[in-house]
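Have a look at the structure that comes next, please.
Chain naming follows the written order as A, B, C and D, and within any one chain the residues start at number 1.
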Amino acid sequence: MSDEKIKQLPKLWLGDHYNEGIGRDDIFDKLREECGVFGAFNVPDACSLGYYGLHALQHRGEESAGMATVESASGKFSYHRNMGLVKEVFDQTALEGLPGDRVIGHVRYSTAGESKLANAQPLIFKYRDGDLGVATNGNIVNAPSIRKELEMQGSIFQTTSDTEVIAHLIARSSKDFVSAAKDALQRIIGGFAFLIMTNDKLLVASDPHGLRPLVMGRLGDGYVFASETCALETVGAEYERDVQPGELLVLDKDGLRVDRFEKLERRATCAMEYIYFARPDSDINGINLHSARKRMGRQLALESFIDADIVTGVPDSSISAAIGYAEQTGIPYELGLIKNKYTGRTFIQPSQELREKGVKMKLSAVRKVVEGKRVVMIDDSIVRGTTSLRIVNMLREAGATEVHVCITSPPFKNPCYYGIDTPDRKELIASQKTVEEIRQAINADSLYFLSNEGFIEAVGGNDGEYNRGMCLACFDNDYPTPVDPTSEKSCSC
Amino acid sequence: MSDEKIKQLPKLWLGDHYNEGIGRDDIFDKLREECGVFGAFNVPDACSLGYYGLHALQHRGEESAGMATVESASGKFSYHRNMGLVKEVFDQTALEGLPGDRVIGHVRYSTAGESKLANAQPLIFKYRDGDLGVATNGNIVNAPSIRKELEMQGSIFQTTSDTEVIAHLIARSSKDFVSAAKDALQRIIGGFAFLIMTNDKLLVASDPHGLRPLVMGRLGDGYVFASETCALETVGAEYERDVQPGELLVLDKDGLRVDRFEKLERRATCAMEYIYFARPDSDINGINLHSARKRMGRQLALESFIDADIVTGVPDSSISAAIGYAEQTGIPYELGLIKNKYTGRTFIQPSQELREKGVKMKLSAVRKVVEGKRVVMIDDSIVRGTTSLRIVNMLREAGATEVHVCITSPPFKNPCYYGIDTPDRKELIASQKTVEEIRQAINADSLYFLSNEGFIEAVGGNDGEYNRGMCLACFDNDYPTPVDPTSEKSCSC
Amino acid sequence: MSDEKIKQLPKLWLGDHYNEGIGRDDIFDKLREECGVFGAFNVPDACSLGYYGLHALQHRGEESAGMATVESASGKFSYHRNMGLVKEVFDQTALEGLPGDRVIGHVRYSTAGESKLANAQPLIFKYRDGDLGVATNGNIVNAPSIRKELEMQGSIFQTTSDTEVIAHLIARSSKDFVSAAKDALQRIIGGFAFLIMTNDKLLVASDPHGLRPLVMGRLGDGYVFASETCALETVGAEYERDVQPGELLVLDKDGLRVDRFEKLERRATCAMEYIYFARPDSDINGINLHSARKRMGRQLALESFIDADIVTGVPDSSISAAIGYAEQTGIPYELGLIKNKYTGRTFIQPSQELREKGVKMKLSAVRKVVEGKRVVMIDDSIVRGTTSLRIVNMLREAGATEVHVCITSPPFKNPCYYGIDTPDRKELIASQKTVEEIRQAINADSLYFLSNEGFIEAVGGNDGEYNRGMCLACFDNDYPTPVDPTSEKSCSC
Amino acid sequence: MSDEKIKQLPKLWLGDHYNEGIGRDDIFDKLREECGVFGAFNVPDACSLGYYGLHALQHRGEESAGMATVESASGKFSYHRNMGLVKEVFDQTALEGLPGDRVIGHVRYSTAGESKLANAQPLIFKYRDGDLGVATNGNIVNAPSIRKELEMQGSIFQTTSDTEVIAHLIARSSKDFVSAAKDALQRIIGGFAFLIMTNDKLLVASDPHGLRPLVMGRLGDGYVFASETCALETVGAEYERDVQPGELLVLDKDGLRVDRFEKLERRATCAMEYIYFARPDSDINGINLHSARKRMGRQLALESFIDADIVTGVPDSSISAAIGYAEQTGIPYELGLIKNKYTGRTFIQPSQELREKGVKMKLSAVRKVVEGKRVVMIDDSIVRGTTSLRIVNMLREAGATEVHVCITSPPFKNPCYYGIDTPDRKELIASQKTVEEIRQAINADSLYFLSNEGFIEAVGGNDGEYNRGMCLACFDNDYPTPVDPTSEKSCSC
């Protein structure tokens, strides 16, 4: 691409973040990961299992990690939390301080500063009956109003996390612990997976629509719970089933008791888990995500009509879909974009001057592969459009003659109230612009989104034996619960 | 000293900890430091002042450090806490995250493990009216019963610290903040210095007997509060006065208002502050501690009758007293014991084998100084007696022909309920044995304790213009408040 | 797979390392990465360029990193080296200590301990004419004999690295620096890429057969040199050409002068660079490696005849080849194996008990994908066979009904003397066993290696305009230089 | 002191470093510590002994630490060095990497940056006969000329340390190792203590005048060597004797052999060791330094005539002398100055604004003690005078009515060429000004230096049975060896 042409590229492209060699993980234009939870009951060396289990869920939250353990014989409760990756937060000494055969753990997405440490989970409380630990993935829509009510009654809070209200609700109840927990779960509205542990019990709950994934496995005589099946696999547990919407599982010295705090409503699993969040080797509701994403790519191929030389995926999340697209169309899959796997928090950012000189760190286009080629670039979603623009231009700079962008989901138009950190609606490019306008904004030769129907079809695939209701609110504005569109969207986890 | 003689030394001396070259700070036989608090109001760069102020109070707590700041214009509340020394907890980044012109800070004594991080102060809460930070030095005697009452009403606690009850009491009150705080302070019994900060106010309070020291200084148009005057000196503030027993100082946009939550009862400042805890360059109730300790040494010289060649002090706390003793008797002060200043937490402990071979790390006797000499060894207190025995034997091994032990306080017989971490009464050697029995247990040629009267006289010294009531309960069992001798003695700070 | 069947799996599989969830990087059965070099001349902020350039070459050596810089105006020479990743070794302070417009840098593979720090490159010496820095990738076959000769003349060495001999040879010469360097380069035999920097010159040299890759790029008025083109791309430099075998480039205030220390012999670029070492987005001798590896996969498909359901590659190195294989055969490419990207040095290893219980950390098979499937598993090489066995068994455990192993290179039979850390010949399974025996040893249903001819064809591909001679000694025992088969194979870098 | 008066204080006092609360260790106006060496031969767990021994010598060098060990049975040579304190450089892992029954170790004074790491000792070389480690305290006056000669013969150097020449001289000799070492030691001129270790020998040497201290002790069947006796005491070794000037001790499998490389010339032990460098619990040539310094204080009392209220010493080095002064005069010793023991490298420096506001960190005057008092301030030396001025003014600000400065050594007029890092002669205030001019420059009411004769008398004291020749060149310009006054004064260690 000539210098002349580069100069003519759209303005945003010449903005602050031009060409910084961006990766997929730490860009404001990318949906933020939610959180991940892991629990185990009646297992030997519970904290080590927790360590490996949380490690498998690390992609769901890189900011902080924590575990609480209980030694069932004595009821002794221990915990450790800190900012950082699982492998950074827990060293041998930390693990030695976590004895027990029961564990709940949590990984959280990224922000910084010690004041955030207070929000690291599991949240730990002392109440009338002893110790209480809570790990959540998701968001409570009506937490602000419950919190205000509790504060007026004299409650004090340690965190800004909505998760803390559940502990207050339980502690203020005069009922027995399980009944109090059921009452509390009934009062809250939202999408959530809860692990609650006391000195003698472990409670596991999924919201009434099953918005956030939560699975159960068996390990010897014990049980394992996790946000994704990949964590079961990692710790050698056998997958048993997904925790059902509205279920409350109670585990104590008498074993497992299956209860409900709410009758089953329509299942509405978060669509973005299928599209982007969960690991490709995980299964949600029995569907493997690599396979589902490949089907999305295939479906997208059926819905788009592009004459191109190569297909490339934006790493790491869109590789499966790109291969599906390539298989369906016969256009060869090539490594047109590559991500540097060593980049991380401690990496020094290039100065503005160096960025302008073309220094890249995280993502780069492979010139030899894309030069002179018409490229189909597969990505999972477009949020603000800025990242897409940068990657398209990166491909053009490396010599791509055409760049066609194919998105393996419908246009993302509506904010999430159930635990995904989305920008305001007015910053969501698809809620403000037509597809043609977006195409222009991201400098693509053509732009295709997967249709709602195509997406549902692709997820369901051929093994449709399960109830596969999804929450598609971010695409179709149909929220499964009441939401308050004026409220600040915060994540409980 | 011959090998033969060394073998004949008392048994304890040959025990596990024999000859480990112990220092004065980290031995179970030593009274544990309490905590230190620092606050400033209406000062520029409050967190930096807090940094230097807490640094000056570091000897009062080496385990954790924390600060909370408020920017008065906006009411913005920030905080940062962690395990470690002040200089380790706060780096440039941490300080940059603490904007404001008001600060409260805290240093805490040593234990380990992240679960202790939750107890690091200032404790931070969110309640109906916003943010609430609390830093305490001392102990609340009736905290357990208040806590139980609050838990029965549904309160949940984040810490094991008694300090948390004060925040609950305030949050649950329906009165205005200052009134609520007064009510809360009236309910609690004990010895404490409190700094309480909200988005718009700073409250400073001392218990009705002034058990824990707390001083006020001026810095420009602002105020500075600290456990000891050395912190005022370090930050360039001018000492104004000691906060009076039962006082409640309220600082807000209208400036300082002096109030009381309790009428002045008899002052009872902790005697151990004079003897051991406070820095020698600090003044308590207008008395300089180096000078007071020198007077204790002089008084002890008057009360003991020892024919000796040299006087030596156990570093660092007993140097002043040893010099006083030497001046009074004319026996030369010599450096018979030396402490390695580089030792600290990260230091590797010698193996049992090396310890047996005589490897010392922290404290050692100076052979050339003590060899062939009759030594007077000055120390501040005897708790269990084990440390004294080791040091006496260390001097004997280095060739001292006689070791006379002089303690600059009366026998320590009773546990403290006001913030000093003392062992159970039955482990206090002076509550179990006579002076002669203690002398034998520590292998001394003679042993003298300062008399109660001599101690009071020495502290009061010549500049007796202040009310100098002291709590001598650890010596005379006369506690200034009701105490529950069956309760676990915990420190709120 | 039933427990019964798992028990029947071959013995090695039940050995010490069974099922540890191994990754590709840190297994003894994998060829060790060599080293990477980076240099720049007449560029602004040379150390920052070096930082990003070395970061792009990080996969070539994760043990230590180092840079030396020269400020051409003053001749000032600076350097910094340490154990760790580039991002760990260089923080802002370290970079600020490296002023200059010239840089040489190095990344080195992994061992541990400070004694290894002395071997971290660039090696730095002070000699008659000032400072001398040397960064090497490769190995000097006759270094031991030269070293012995130098020691007999009284030379002392700081390292165990063969690279040090070149500095001694230069320092002991009475000729001018460039002539001395040419003499020294002529004396040494082996495969190497050298960057040598003094206060006023930068020398760049490639061995007479071009065994180790080394490319040159332009950046503004300056020059950039690197082991791989991906580093040029990262720093925004334009690829100019590969440094030619036997070339000596001299850069000083008069600019670039192209010289030779040896006439061009037959080119013999290391085949393993094409197969495994270099990044897929790099080009060697004008050939893109992703494309070459895809062609290897396609060629392998032509040479093998497998009836299977899915193709999977061992991540990360064999993905390209697996996609090529899938494209050629029409068997769908699936994500049958997945690697955890968060694993690294600080990761705590599972205990033997946990490993036996099935805890995996790094690599795992995706049950949902492989269950009930006949799997073609693509890998790049087999060294001892132990890793292959583990991965095959991992796939079987996850339910694969058949596992067919396809290797994208000929059997690896002979040790390397040019900078690859290979085990002794007798540990190379392909030098000891037939293909059928290997198949049995790794528990595969069938096993195919790429033929020598097929491999050469695949590398050459369709863009055969360059001289593409390769060293295939590890396959065919035809070493391009004399080697001493009895000598210890050490790596100079 | 009134603000008015403070404004009238001399100008320097208002300069950049005014009132920074300086300590004694890290001020440019203070003589820099030299280095410390420790060695042990035929002892169990040699590296642990080295750890505790170097720890005891930490005050001689806080920059870097290192040890090399040899396992005598195998001749295996190991080493570890890094920047930092002993306890930072050596953790359990590092010590585990240092097996053996022989050790040499080193601590070095402070500078920063990795390029300095190369200079950390022991220096390690590989030469014809194996491994060679060298640890030195001191300086080689003619190193530059020897180095130039070696470079012209083709030697390359790794360090800027003069110590490296000794290794080259040995390696280039054709004689046996001990003869080569003797030749090398004869060629060098200066003040030095050498520990040289090979795979089978340990050599210990002191320069022909015994300028740098070096002692020998016995531990079981083994030997221990150290710069100071405090290290012997710490490791439980028994002092045997000081290594004599010109001695070469050879230790190998045949035990200890006492040799000489030079006949005994007049002994000239560095006077500053007695005055300032060595620890007060160490003995040099049989003289305890605490006692010697007390005698210096007593002697100074005899030589000065001051009517004052209190005596105070500048911590930590001048406490012993101050007590001696107080004993002799009867003026009470008081704690007029106090040092914060927690300060260290990681401490954040106060901003200029805070310093101007009076924030102090390291050293402060104790107002309550000095207010309204006539103070005798005892210090060990005056180099540039800037520190003295600051401390005098600090005392005045705290209310001292008079400040009389007494220095326990003669005026420091001449630079050192034997290992003390002194400034240029023209920066030494005593070489430029009269005592009266210095008094004015440091704002003292009176100023006394100890006389040469008084100093010699005080060191010798009452136990004059040893040969106690001292190097007093810094006072009287009488250097015991030829020196090149134009050469840069560098320290070999």
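By definition in this document, a contact is a pair of C-beta atoms (placed from the backbone, for glycine too) under 8 Å apart; a residue touches a chain by one contact, two chains touch by 3 or more.
Being a predicted model, the structure only gives us computed values, none of them experimental.
Mostly identical positions are employed by chain A and chain B in their mutual contact, as over half of the interface residue numbers are shared between these two copies. Centroid analysis (C-alpha atoms only) places B farthest from chain C.
Per-chain Cα centroids separate chain B from chain C by 60 Å.
A separation of 49 Å divides the Cα centre of chain C from that of chain D. The set of chain A residues touching two or more other chains is empty. Under the touch rule stated earlier, the contacting chain pairs are A-B, A-C, B-D, C-D.
Across the interface of their complex, chain B is touched by residues 78-82, 94, 97, 113-115, 118, 124-128, 132, 151-160, 167-168, 171-173 of chain A.
Against chain A, the residues of chain C that register as touching in their complex are 21, 44-45, 48-49, 51-52, 55-56, 58-59, 85-88, 90-92, 95, 219-220, 230, 233-236, 279-281, 283, 288, 290-291, 294, 316, 320, 323, 326-327, 332-335, 338, 340-344, 346-348, 350-351, 353-354, 357-361, 364, 366-369.
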